[in-house]
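In order of appearance the chains are A, B, C and D, and numbering begins at 1 in each one.
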Amino acid sequence: MAGSRYQYVKKFELPDPILPGTFMVLRIDGHAFHRLSEVHKFAKPNDERALQLMDHAARDVMNEYKDIVLAFGESDEYSFLFRKSTALYNRRQAKIVTTLTSLFTSSYVFNWSRYLPDTPLEYPPSFDGRIVVYPSQKEIRDYFSWRQADTHINNLYNTIFWALVQQGGETTTQAHAILRGTVSGTKNEMLHSRFGINYNTIPARYRKGSVLVQERVCSLCSWIFELPPASSDDLASTAGETPGTPQQPEQAPSGSSKQKASKKAHALTRIELHHCDIIGDEFWDQRPYLLAE
Amino acid sequence: MAGSRYQYVKKFELPDPILPGTFMVLRIDGHAFHRLSEVHKFAKPNDERALQLMDHAARDVMNEYKDIVLAFGESDEYSFLFRKSTALYNRRQAKIVTTLTSLFTSSYVFNWSRYLPDTPLEYPPSFDGRIVVYPSQKEIRDYFSWRQADTHINNLYNTIFWALVQQGGETTTQAHAILRGTVSGTKNEMLHSRFGINYNTIPARYRKGSVLVQERVCSLCSWIFELPPASSDDLASTAGETPGTPQQPEQAPSGSSKQKASKKAHALTRIELHHCDIIGDEFWDQRPYLLAE
Amino acid sequence: MAGSRYQYVKKFELPDPILPGTFMVLRIDGHAFHRLSEVHKFAKPNDERALQLMDHAARDVMNEYKDIVLAFGESDEYSFLFRKSTALYNRRQAKIVTTLTSLFTSSYVFNWSRYLPDTPLEYPPSFDGRIVVYPSQKEIRDYFSWRQADTHINNLYNTIFWALVQQGGETTTQAHAILRGTVSGTKNEMLHSRFGINYNTIPARYRKGSVLVQERVCSLCSWIFELPPASSDDLASTAGETPGTPQQPEQAPSGSSKQKASKKAHALTRIELHHCDIIGDEFWDQRPYLLAE
Amino acid sequence: MAGSRYQYVKKFELPDPILPGTFMVLRIDGHAFHRLSEVHKFAKPNDERALQLMDHAARDVMNEYKDIVLAFGESDEYSFLFRKSTALYNRRQAKIVTTLTSLFTSSYVFNWSRYLPDTPLEYPPSFDGRIVVYPSQKEIRDYFSWRQADTHINNLYNTIFWALVQQGGETTTQAHAILRGTVSGTKNEMLHSRFGINYNTIPARYRKGSVLVQERVCSLCSWIFELPPASSDDLASTAGETPGTPQQPEQAPSGSSKQKASKKAHALTRIELHHCDIIGDEFWDQRPYLLAE
């Protein structure tokens, strides 16, 4: 029973290379997460534990695939930026998008109980993934601006919506009706006058989303480069907030020794979590390597 | 901060439709499963628990995506056949391949402890996925023949290899050397003469792989159609062997009532696990609907 | 000045293979032929010379590319069917579609003066081309039925429209208004009652379009196979109507000697022009090789 | 005979958009031009008439498709650069590549007798075309450098090769043998010492190829912008050498009035033919609009 007479079917596997010299963005989205959040009683408008779990899964992907230099997460989605010249899996589209979406999913399920210890996972959640190709730095900047602007818009809406419901005693139908057609200013004003909430004091995680960045570390001293300080409420070091960190020593600079040995030419890196603005120039000016080769 | 000025970046998301009127096969493969099996001490040459976990994940995918009519699994891979006319996600390639690979992965991690209760999962495993498009029934038959022939070739090799190592006291290097260049007949003979093993008495699961098929069930009486009986060692009903079955009543025919209500025109179906030959005509002749529209 | 430092740009040339085991149809359409027909005063509703020129160009393409087994032309378009297993240019899409569209265009310009000797070509006309891939015989039959049904619909409309204008003294605006919303029966009736034209006596070329088919010729005697006779008004042998034939002896069976020598296994063929029905089964039943491998 | 039941076959026409924000290069190559040049006794190593005909066809394409800003030709090939933001045919790949290859072919055949009046065209020549997509200016510069370096390498080889054959009395086999493995310096030296030819005095057309560029013209005075002068032997104005110019007033600036009326925002342009260096920065620095949006 030699299999050789059937092997011709392999010829139907067609190549799917991604154009060289372009930036790839992989965006992973939760599949039917409305139901997932209902079933598992996620806090509204934001469930910090669920967001930290997303960050953890994203970090696992970045640790495994070093050509990802930046990731941005909000709600049930995460976007990953590869360095322009990546040759990961020879830039084969299906291979990249499936393997990374799979690893993200796997980490999400694997780490669920760490972040939601009192909420057993009821069924296996899933994600979809897509790769979008951008030719230049400008579009990459605009892509991430688009996602962070979306974070703001959604969070402002959800914040006032759930205040109306949870504190204001409105039904969800009434709350939608009240907010229909309102602009940002009106929502901010309503939040302040009716509920005494200053939107800007809401945690940066909710307002800005999560920014995971492969920070370059000095190769001799293993210290991070001196960076101009971000405003303190917008920058949260991973160490302070991620419960997973103590258990994940391989993410710390100590892991760099192996990398240093095998790839001397590369600077040492470590992945840092921020909740900072990425629409303005400051973030990018401080990290020119993100959009370099 | 309106996001509208950035929305042009959505234009870079290009369509990726799969040609209508063709059969799609999704093949999911374990990523670095050699390491996974080492770390978790999978039994050699076959670990029944790990194979059952694969079957469980595949069944979850089929339960969620009813347009999959057949699946075939061996080792760390699973192939899924969609009915030819499926319009799942408008036949968008990346959407299909990522969502299903993600769900398979999720189920694998989610159900790990059910099948390997004494072996904690050490890290999140991942899979890759690809969709191959075939224009006709002939290629689909040959595709599945290719995979099942591969199952046989690999299992015969692994069976004698591990017999040489585990019972014959050979090193793995010696075992490879002994087997180099041998044909099937020689391996069968060696298995019998040296270790007293009759290859044909090895469980069908290992020799034939796993065949998950959406069997059509009579819509009035909820009984499976009368089928010519498969040889008893090649056909194993799910009920008897899958620990997950009692907890998954939605996979049993009872779940069909909902389906019956919403899609009267469709016959009721249920997913059955076999370990039978799919190279010959018998399997396909009994189920003409698999390769129909 | 070695060019080697620039050669990396070749890496941006990505593969574009067409799925194996499928039928390719190449459709070539005139670009801005409304203007071309105005400038060169093509006869309305049909200009036989211009149609013969299209047929000539199509025949040149079929003579050069033997894997084309059938072509259908109407107005300013021509569709070419490749045998399913063609490996022309390794099935590279851009290579096939551009080379053949180019040759068609070239022949059209090259042979213009033969068919329209008193009408100098005023400027270079152009065509576009596209390849559509079909998985099965059924879709191929339906594709050609679609084109021939279109021929009928357009020709019936144009015949009555130009009768109203040329014989009935209507303006083109009035003629369009008269025909708006009319069904086939009404148009036929109007044609007969007002202009005494029996639509079925109009030349088959206009009603049925042009069918160029690679007819199989007996390899021993060089005579065409005995075929059931088509109705005489629907079948026109090329010899009687194409002015180009005498100058193109390579299209006659004599050219087969070279082919016979080099490809003994293939039957001898010659390209015949018909204006016959290709919607019904008869045409296809007589030529099973068209849709075979 | 309604065609509606067959129209589903249109669903098999899949989209093929080219990534936005990228540069497209269309390269057209002669198909079997070795034979064409033999049959029509093209002069060796370069036939000026045949090259001028290529230039004429390229100019016709640029006149018709204003989004082409630059073209480079050598031997039987021509490369066309589109401005980055072109929306021609909604960036549909097959539509663009076939229509333009067709027009190029058509013009080549249409204008043959103008450039080779004593050499009747024996049969219809054809071309293939391909579109290559480049993400950035750097790759565009390198693409054109690659083609012009290739022009030099081929022309130097052909010049000495045909000198050996035509003046040196060598057979073509001997000539190839003499040149095997020689570097540029050796060929230059051989050309000078054996045949008294100074390579640099050979016409720029042969050494540099043909550069067709959409030069920007002042919108008020219709005079070309003041440009730093190119060296005189490398720059040939079209007026002096293209026989077609007098008959083609639509290519002259006078044609701009229509363009001015309809697209006020655009500068007036006209297409100029140069035989100048495009590897260095000077050509590009003078025309920043070529690589702009």
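The rule is simple: a residue touches a chain if its C-beta (ideal position, glycine included) is under 8 Å from a C-beta of that chain, and two chains touch if they have at least 3 such contacts.
Please read all numbers here as calculations on a predicted model, not as lab measurements.
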item: Homomeric contact chain A-chain D: same or different residue positions, threshold half; value: same
item: Chain whose Cα centroid lies at the greatest distance from that of chain B; value: D
item: Distance from the mean Cα position of chain D to that of chain A, given in whole angstrom; value: 47
item: Distance from chain C to chain A - Cα centre to Cα centre, in angstrom; value: 55
item: Centre-to-centre distance between chain D and chain C (centres being mean Cα positions), rounded to whole Å; value: 32
item: Shared-contact residues (touching 2 or more other chains) in chain B; value: 12, 19, 21, 133-134, 139
item: Touching residues (chain side chain A, partner chain D) in the complex; value: 19, 21-22, 133-136, 139
item: Complex contact set, residues of chain A against chain C; value: 11-12, 14-15, 17, 19-21
item: Residues on chain C engaged by chain D in the complex (per definition of touch); value: 1-3, 5-10, 12-13, 31, 60, 93-95, 97-99, 101-111, 121, 123-134, 139, 142-143, 145-146, 149-150, 152-153, 184, 279
